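What follows is a pair of complexes built around chain A, which joins chain B in one and chain C in the other.
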Partner chain A sequence: MQKVMIERAAELLSSGKVNRVLGWRAGLFAHDNTPSVFTDAADLQANFVYNEFCGANLSKYLVKESDKEGTVAVFLKPCDTYSFNQLIAEHKIKRDNVYAIGVQCNGMKDVNDREKLEERCASCKSRKHVAYDELIGESGEILDSNRFDMVEKLENMTSEERFEFWRGELSRCVRCNACRNVCPACTCEKCIFDNPDSGSANKAPADPFEENLFHIIRAFHVAGRCTDCGECSRVCPENIPLHLLNRKFIKDINELYGEYQAGETVNERGPLVNYTQGDAEPSVVYERGNS
Partner chain B sequence: MQMNDNTFRPKIVAFCCNWCSYAGADLAGTNRLNYPADVKIIRVPCSCRVNPTFVLRAFGRGADGVIICGCHPGDCHYTSGNYYARRRMTLLFSMLDYLGIERERTRVEWVSAAEGAKFAQTMNSFVETVTKLGKNKRLEDLRCKK
Partner chain C sequence: MQRIGVFVCHCGSNIAATVDVKAVAEAAKHESGVVFSADYQYMCSESGQDLIKDMIKEHKLTGIVVCSCSPRMHENTFCKAAAAGGLNPYMVEIANIREQCSWIHKDMPSATAKAIVLVRSAIAKVTLNAPLTAGTSPVTKRALVIGGGIAGIQTALDIADAGFEVDIVEKEPTIGGKMAQIDKTFPTLDCAACILTPKMVEAAQNDKIRIFSYSEVSAVKGFVGNFTVTIKRKARYVKEDLCTGCGLCTEKCPQKKVPNEFNLGLDNRRAIYIPFAQAIPKIATIDPDYCTMLKSGKCGVCSKVCSAGAIDYQAKDEFIDVNYGAIVAATGFNPIKVDKYDEFAYAQSPDVVTSLEYERLMNAAGPTGGTLLRPSDRTHPHTIVFVQCVGSRESEDSTKCGKSYCSKICCMYTAKHAMLTREKYPDTDVYVFYIDVRTPGKSFDEFYRRAVEQYGVHYIKGMVGKVTPEGGKLKVQASDLIAGKQLHIDADMVVLAAAIEPDKTARPLATLLTASMDTNDFFTEAHPKLRPVESPTAGVFLSGACQGPKDIPETVAQAGAAASKVIGLLAKDHLVCNPCVANANEMLCSGCSQCEKVCPYGAITYSYKEFRMPDRTTKLRLVASVNAAVCQGCGACTVTCPSGAMDLKGFSNKQIMAEVDAICK
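For the complex of A and B:
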């Protein structure tokens, strides 16, 4: 797989179809492959890598890369293609400047426990590439995943238990902002968390409220646009299950406003910039589950 | 009304849209309907002006309950503002509930300019509910406390 990809990338470079390739560069350790731009075949041969530790979603890097001169080739895993579509829909990526190569993905391994699949891959939502110019390997199917299981489990707890659970998780937050920086949906040029007046711009969380504020707002800002790629949880140095916040929004949106998968197409209107007259009243929140 | 100093009085923030609910509050006033003084009204141009951060910030700065009042769906002065607000607030309140913050502390109510009585009644019942819940401990900003 890796060999085919390197050959194809070198071919594209030499033919002049693209002038750079966005892929994964081998890091110091086997598990820390980082996104990188390659411009010559020798560099590709020596450093390009594609294995089960290439978790990084390259779509986000296209926001900057597609704005530059010339065409960039990019390797996209199935879940990356959803983010890719979503960013095109938001006019963040210039599609004409991108040559997208879909690559087969069999799930990424957890860097903490290298035998195991990452949580997001164990509950993979889709192996299907929703956007590509060419494909290396095979494109799979949309899977019937069990990704909402944990959300459901939390919903069935009592209010106190949920509070304790989230207090325990969120209090570990060191406000490194990695979840924001890596998120393909977080592409605002001016971010609320960089605004000193927002009440959540500190690097060090001053008290529990700030952690709550940060995480609620972060999840809310991507609600309806989050493709559930799971990058936020992958990069969290404290292993906070941030995807559970995003999935709660996705689950609510699915239940209240109809099934919606962000990034599946480029033409659909997101659920939070849309409405119907018969939408559920906010009181549905009080009518269900435990309190 | 005589109040014992130890009685808990909640702080309620009510975001009222300029065109319906704020006028409804006015009507409640001119009709001399009673509703608790614990309710602090913030006038917003439309219920969809209420950013989720406003709600969280209100809680952080010591509010015990937050209520958002807007025009009835279909009656928005700006045609569709309250429809967007409805989706947004539903998701936000569901998220707060998910994080273990008591769901009764938040509410959305549609009050028209002619519904002074409904305004007073809504505020009375909301204040009563929040009073029962007591102080907002789960979502307070300790920095804002004296």
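For the complex of A and C:
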């Protein structure tokens, strides 16, 4: 795979079809491959890598890269293509400046336990590339995933148990902002947490409750747009299962408005910015709240 | 620094009996920015308003808070008073300490504490208010009436009479509605057709009125004064401009077995039909569910016999967009389905009919030519039992499809049926079973008493327990509550006074109009007493039974009232716009366009704009902009915007947060 990808990337560069290639660069250790832009064949040969530690979703990097002059080639794993579509729908990626190469993915390994697949890969939602210009390897199918099992478990807890669970997890947050920075849905010009005028600005995690709110606000912020790529949990240095918050929203959206997968198509009208007569009535809040 | 004045209203005892208004005024004094605070008996009175004007001048107030009733009641009053005092009218905030406080609490200390919190949050908000100036928008001088029954026709006629253009959209092939199906009208017993059809003709001939029959409203955009309505003109497969209404096709059509909805299925019509002789427009319509030509391509008889060449099997639904300044809902009612009432054997015996079916059986233009015959064997019925309140006034926990309200018209039409039956067929015994007889209305009670006293109708207080079809008779078991005994009557016919409910099209229409409805799907009025023909949605008016059960005189009166409100609106050249509109902070907008998707008014557009970046380069970015003349300030965009770039003037995120903070303090 890696060899074919390097050859193809070199070919695209030399033919002038693309000016840059966005891929993964080998890091110091086997597991810390990093997103990187390549412009010459020698660099590609020496440093380009694609193996089971290339979890980083390159779509987010296209926000900046596709805004530059010329064309950028990018390698996208199946789940990355969902973010890619979603970002196109939000006008954050200029599609014309991108040459998208879908690459087969058999799941990424967990950096903490290299024998295991990452949680998000063990409960993979789709092996299907939903957008690409060409494909290297095979594109699979949308899978019958068990990704909502943990959400269901949380839903079945009493509110006290659930509060304890989340306090336990979120209290470890150090507000490094990695989850926000890596998130393909976090593409505001200016994040409210960085804007002193917003009233919700850059609060230090002085109050144990504030970091909880940071994550809850962020989950609301990406609701309906989150493709469940799982990058937030991958990059968290404290291993907080942040993706569970997003999955709860996805599950609720599925239940209230019908099955919806953000990024499956370049759909500009997700359920939260659309209106149909069958929509849940606002009273659902009270009904569910009381249950 | 703001200089804020606080005015606490007693509203007689409405507020003062439950809230310690003096304590509220005193507490407000200690809030930051407040330079004046007082309580007063009636703030909305002339002297109360004068107090506002005087204090604005005396204390050089920059903003005021009035603690009183709901802003829907008197916000306008106080804004005007503030403006007269020289203050920008948008520097006024209302703390609703009546509906949201004194009326719903009993305990004075806790109500007072809550009132203080409400005042505090209003002060926090007004501190962040900025003066706003309202623009104007033009008014499209044309009205739309949805529904072509007597309500819609009367409203349209009255609007046209004032010189404005008006369109009627009717879903059926003809206007006329329920009244066209009725035989005689109470309390004068004049023939319904004789008083309705001249109005239908008048509407058709009026050059200010356009009738879109066999049409539906499929989309509504815009706002008061500037609605754009998409009207779906359903394919009738007959060219309206060519059909002369000769009716030859309706006689020759070989498909004879179509239940005739105009006669409620008591007889059949053809697949191509004109609903009734005086239909307006008098144009044939092909029923696509039954037409052999449309279903299998084999027939074409109507096309062959039509000398005008009006038949068009290829016709498609058409959609047209029309601009209106005002919209009137006149969607009317229907009797409920009574199949679920097994005890009355409606589904088991054709001789158990609803009152509207009975109406058709009595009508000279009905399936029996006006001779009262039992549907089962076409013989004269000699004993008829009328059952009142079938599905009306049912308890809330009833499992049937009944209604909790009184359908209002049943007592009178049943008295009418009983009287007419006795008059035409004096050999017939007529029983009426009732819970109560309700006949308020001019000449109504006299009418009912005539049925009892002159016509010898047996009125029995009590309900019918069971109707059993047996040997060609209907065995009726009932109780006589006054005599305290069980009755057994062998009846030939049973007539059920079915409850009435709003037409099924009303709810989807309310959604299109963003007009509110009650739990029974009747349209809600802006104020049940003071604004009975207006919907809370500006520019949407209510006519007839879509607002609640009504008889014909009431419907016509309300139709005229709705028309006068429409005329009042259309007579204006411009409407003052709401300055509380959304605006996008371009520095924060990330161009995702979600706000554009949720805007119900199409007020938001997107365009590329050049921005100077910190490194002195320029960059093209997609950003939103709001058309202030179109924006109605609903705020949907502000909550949708993921970046917090959208904000609403007068209701900014900061103001709302300040209110929340003040409440939580």
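Heads up, the rule we're going with is that the second predicted complex is superposed on the first by the 270 of 291 C-alpha atoms of A that agree within 3 Å, B and C clash if a C-alpha of one lies under 4 Å from a C-alpha of the other, contacts with A are read in each partner's own complex, and residues count from 1 in each chain.
The working rule: contacts are C-beta pairs under 8 Å (C-beta built on N, C-alpha and C of every residue); 3 or more make two chains touch, one makes a residue touch a chain.
Quick caveat, the model's predicted, so the values are computed rather than measured.
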item	value
Combined model on chain A: chain C and chain B, fit or clash	clash
Touched partner set for A:29, first chain B, second chain C, both or neither	neither
First, second, both or neither for A:285, with chain B first and chain C second	first
Touching partner for A:90 - first (chain B), second (chain C), both, neither	second
Chain B or chain C, by number of chain A residues touched	B
Partner chain(s) touched by A:163 [first = chain B, second = chain C, both, neither]	first
Touching partner for A:248 - first (chain B), second (chain C), both, neither	first
First (chain B), second (chain C), both or neither touched by A:192	both
Partner chain in contact with A:277 - chain B first, chain C second, else both or neither	both
Touching partner for A:212 - first (chain B), second (chain C), both, neither	first
Region of chain C that runs into chain B when the structures are aligned on their shared chain, from 45-53, 99-107 or 135-143	99-107
Footprint overlap on chain A, where chain B in one structure and chain C in the other make contact	192, 198-199, 272-275, 277
Chain C residues within the chain A interface of the complex	508, 511, 587-594, 597-598, 619, 621-622, 640, 642-645, 653-654, 657
Of chain B, residues touching chain A in the complex	52-53, 56-57, 59-60, 73-74, 80, 83-84, 86-104, 107-108, 138-143
For the chain A and chain C complex, residues of the former touching the latter	67, 90-92, 185, 187-190, 192, 195, 198-199, 221-222, 225, 268-269, 272-275, 277
Parts of chain A lying in touch with chain B, wherever the complex brings them together	154-155, 159-167, 192, 198-199, 206-210, 212-213, 216-217, 219-220, 223, 245, 248-249, 252-253, 256-257, 271-277, 279-286, 289, 291
